[in-house]
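First chain written, first letter: the chains are A, B, C and D, and each begins at residue 1.
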Amino acid sequence: MIIANQTFTAPVDNQPTTQPVYRVGIFGATGYAGQIAVNLLSHHPNARIAFVTSERAADPGNGDHESLGAIPIYPAADAPLDTIDAAFLCLPNGVSGAVAARAIAAGVRVIDLSADLRLDSAELYKSWYKQDNPAPQLLPAPYGLPEIAGKRAALAGARYVANPGCHVTATLLALYPLAAAHALTADPVIADTKTGVSGAGKTPKLDSMFVEVYGDVKPYNIGHIHRHVPEIEQELHNLQADVGPLIFAPHLIPIDVGLLATVYARLRPGWTLERARELFIEAYQHEPLVDLLPAGQVARIADVAHTNRAVIGLSAGVSSATGDTIIITSAIDNLRKGASSQAVQNFNIMFGLPETTGLL
Amino acid sequence: MIIANQTFTAPVDNQPTTQPVYRVGIFGATGYAGQIAVNLLSHHPNARIAFVTSERAADPGNGDHESLGAIPIYPAADAPLDTIDAAFLCLPNGVSGAVAARAIAAGVRVIDLSADLRLDSAELYKSWYKQDNPAPQLLPAPYGLPEIAGKRAALAGARYVANPGCHVTATLLALYPLAAAHALTADPVIADTKTGVSGAGKTPKLDSMFVEVYGDVKPYNIGHIHRHVPEIEQELHNLQADVGPLIFAPHLIPIDVGLLATVYARLRPGWTLERARELFIEAYQHEPLVDLLPAGQVARIADVAHTNRAVIGLSAGVSSATGDTIIITSAIDNLRKGASSQAVQNFNIMFGLPETTGLL
Amino acid sequence: MIIANQTFTAPVDNQPTTQPVYRVGIFGATGYAGQIAVNLLSHHPNARIAFVTSERAADPGNGDHESLGAIPIYPAADAPLDTIDAAFLCLPNGVSGAVAARAIAAGVRVIDLSADLRLDSAELYKSWYKQDNPAPQLLPAPYGLPEIAGKRAALAGARYVANPGCHVTATLLALYPLAAAHALTADPVIADTKTGVSGAGKTPKLDSMFVEVYGDVKPYNIGHIHRHVPEIEQELHNLQADVGPLIFAPHLIPIDVGLLATVYARLRPGWTLERARELFIEAYQHEPLVDLLPAGQVARIADVAHTNRAVIGLSAGVSSATGDTIIITSAIDNLRKGASSQAVQNFNIMFGLPETTGLL
Amino acid sequence: MIIANQTFTAPVDNQPTTQPVYRVGIFGATGYAGQIAVNLLSHHPNARIAFVTSERAADPGNGDHESLGAIPIYPAADAPLDTIDAAFLCLPNGVSGAVAARAIAAGVRVIDLSADLRLDSAELYKSWYKQDNPAPQLLPAPYGLPEIAGKRAALAGARYVANPGCHVTATLLALYPLAAAHALTADPVIADTKTGVSGAGKTPKLDSMFVEVYGDVKPYNIGHIHRHVPEIEQELHNLQADVGPLIFAPHLIPIDVGLLATVYARLRPGWTLERARELFIEAYQHEPLVDLLPAGQVARIADVAHTNRAVIGLSAGVSSATGDTIIITSAIDNLRKGASSQAVQNFNIMFGLPETTGLL
């Protein structure tokens, strides 16, 4: 076929769909997470992309808007909220919450991929993000990790959802079955994560340049200082109040997508690797988007890159000789189960659609 | 110039040198570590490469040997030990020790890069390597990590040395100042390492193929099962008898060279990050090949790839809120300070040369 | 869900399908092209994978066969040809043709991804492949590049097809409209191709090791010596008898998948870039799997990696000042439009299915 | 040792040197070429870095300047020209020429790595660079590719030199022996180059971001439109007035450094590959920084990355069946023989030092 324009990756026409079809708007569609959201939703049988927003792609110089293929592009401020049933917000922290509030007021359901709605407390948000929360009236928001007991039910019919980030999703999936069973000691829990460069976003900066990243492995914001720390601790504490502190150490890896969390935790007396494994089987055996590997196998990024699934492995070492340490490896595609495919999963639940629609 | 043959990377002619000049043989010269050893020693002012060995490059079909440029190539079994003062053994475990014993008997000093001489106990070796130690009469061998107190003195004039491996070097440099001061608790010490593919050697196998590694991060032999575990534990226990068990988790990264160890350890009551930092300053301020980063900075592989140095960073998190956990980042080039440049450093010490000769 | 076994990537269950459903066998299913074929066909609404073959995965030691999920694995020699309607042969040259002949004799339609059926002349095959053609009685075979005029019609209902390779597909798509219009001079046509490492196959060898490829760009078999040369020349000569010789220069690039051909050709007097562009529009405007870029844009591998499409760009330089040279950039995923998705496209045509079924 | 500051890579102290020692200033020291120049000159026995300039690293807010280690950093405008004997200009086109003129007026010899002095004609410069040449009074400048006959002599004692760029160096080294012998036809000469991302500079932009480059091969400015075209054509025409036009097609490759030019040219009747090879032997046999490979071998980037040499291979295909096409592969490190080590080579020649001082 003849390609008319390459500046925006034109999605294929929506497939012939079954009823119902919900109209969606994708805000921040030209960022890396936004691009995946556009791709997933353009193939989703129960969604039709009514518009996307992009400050880059839209022409702010006049009131008009450009369109590409059948999909119009607006600046976010001009998006016609009355034409959509649901909004996917792939917008920066501090901006996203305000758009969410506006959309909700217009009767649009919101899947917010920013951090603005993730922390239950606006004070905690301010202390970590160094700015006022733009939508404190929406807190606490339903938290979009449906594999955690109780979350899925809360999402059904919800008007909005705080979609967790990539490090958080991988780390919580690794720890959830243990924390839910109160199997963890009060010792520090260590999450050493390895992440692809797309997690740093699409805005040009030296640290994300090819030459700077190539051949390197670089830790960043390690210890107890990364903004994902309070989010992970919040959810862990909800499950097991006396869990230890989180030591969180992300590492930038020269790959484009993918995230691996290697999580080290200590088990209370009486817990063996085998008993721990039972918890994971119980938690994930019926989850369509979380795969538990056979005993002894480790998760790797190649298992999950460009897929919508998480993969979890349990390893080794639970014995008195090793301090009853369990190692959980947890891998996701940071832009998918760590962002946009999880957003679609939450969309499906909110609208009563089969949970994996458009994802398998 | 006109290149006559490309099958073996011809080293440049030895530089005009100062006396004395020691004749060296490099065994296993076509492997990745061997190639670096050839490169370093061909530029070393006090060394002259008398021969190299390579089962691949040498022709085993006749008694003769091929030569390339000025350097003859032999199969290891035919190497003329009477023509060298020192032997660098870049040979497989189980083979290397026997060659070492033969060379020592011939009056040749030996730098052994294999694991054969690293464990003080032949029994321990057998339990981890599943074979008899080929040279138990040489145990315990001087251990070639000169930055550890006492090791340097033991190396001066030694007839042979066990050169430590890459994971071990990075991990021990991260923990040594703390263990020497008995600052560690009995909790598990966690070393999460990230390593380039050259560490897996040059023998073709599926796991080292480009397509298999590209875009992936893969943990392997995690827990308490990797062969480097007993070596690290041995050296740590020599420094602090009541140190906790080691949890060791290597990860394969899609880069060619470089190794980063992110080490998590807990400090005894009374130790702060500042006090811990004093230990590292004390240990490394006069070390020419170990760089301690400013407070708060992290080591990264880009700092050390293709260099002969180690870089160490101390981070964060020592407080009651984080279980007094310290994070040490330790980076080396796995083929250099993790193998061949460390071997040259040890060679320099053994022969009374300035320690950094040929390395800066 | 609980993963039972990771040695073979289990395809998802076939989707609910529409009639008809053809039973297919995939030979050589564990190679890189084979894996893509398994993936594509496991999602194909009109195909059901009856079995796969793999000398690696199958146990040759006993008469039995292993199975994974619902799909049994056989050694190729034991494959039950009577259970399938079509065979996809991802087998080595020299082996594949014999299997093809056997399958055809059993009434199975064959899509052969090897080179065995591509050259019309068994003598030419022998001179380039240094072995006898294993199935000369099948020559000439219908050639599976349906975008070339006449090929599509010949494939409809064909019993077997020679599926072209990746370099050939990219190069022929770049030159076909020009050759078909007899627009090329008798000067040499130059194809400088850049290809990912998966094109070298999955068998471990030094040249495909991560460390050997990383950071390198390497030409190989350049000039008039690569085995793809006679195949490209055969098809070009069929279109324009007086076309010039092919100069073919492949380069290995450190990426996993993708192929870019940069093709330089000279146009006969009277042909302008604009007129040449009309030929490409005419040839490809209705082709669902070949995209022609806007004037002046170049094809790149990022456009096509992990997709089933080819992308073509026309550039520059047709003037007397530049010797009337046209540059055509042509990009494909070497494992898809260069191998397995093209095989599925041919399968669709042979069986009268819509041509893009399972591919968009 | 203790690292005080990591924002600027501190060079090692200058080696103990032999007389004479020339004081040099490096302008634009924090760019990729500038960093290599700093590294090379800090190890050069006849050079002492008096200062570097960097708009980024210097503090423009006050009149003072920061220093790092022993080397002060200035904004370029404040550089004390009276303290140096030679200036290396790693500055942007359009800026560099003016600094060159100022330095020359101050009695400083200049090695200009920008394009400002490369074209002999200011008019030609303006038509390709779309700006006035900032120093037309310096044209024509001695051209810093000493391997071309006559250039070396012109450089000895020269006050300034136009240092050629990376694509130009690789392409001219590939064609020089043929053009000098008038062996080329008037047909187009095609240079298909593959280059690492560092060639695009250090300024953050989307096209140089890791995620954009990873997994891609992208042609850019192909045809007769890249700014390097007039420079290559100028030098070729000086050698052979009736050489054909240049078709130039650079490709961006996901590696950090290195450049491979695959050059296709046609030989006049009577020239064979063997006779052509004699020309290359004649031209390069005594060149210390250009290596000619054995017959049939191809140059690859792995041969030259992180080295100061060029490698040239001659291949195939000179016969009437292939239009007397010769393929020359020419590889360099784009930041070294394509920029900064060539600048040091020219510095050595200008100051009467052995040409490879500090480079082997």
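Quick note on the criterion: a contact is a pair of C-beta atoms (placed from the backbone, for glycine too) under 8 Å apart; a residue touches a chain by one contact, two chains touch by 3 or more.
Everything numeric in this text was worked out from a predicted model, so none of it was measured.
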| item | value |
| --- | --- |
| Residue-number overlap at the chain A/chain D interface, same or different (half cut) | same |
| Reference chain B; chain at largest CA-centroid distance | C |
| Centre-to-centre distance between chain D and chain A (centres being mean Cα positions), rounded to whole Å | 46 |
| Distance from the mean Cα position of chain B to that of chain A, given in whole angstrom | 40 |
| Residues of chain C engaged with two or more neighbouring chains | 212, 215, 254-256 |
| Partner chain D, residues of chain C touching it in the complex | 187-188, 190, 192, 194, 212, 215-220, 222-225, 244-245, 247, 249, 251, 253-258, 260, 262, 264, 266, 298-302, 305, 315-317, 321-323, 325, 327, 329 |
| Sites on chain B touched by chain C in the complex | 32, 196-198, 202, 204-206, 208-215, 254-256 |
| Contact footprint of chain A on chain C as seen in their complex | 1-6, 12, 215, 281, 284-288, 290-294, 297, 306, 311, 360 |
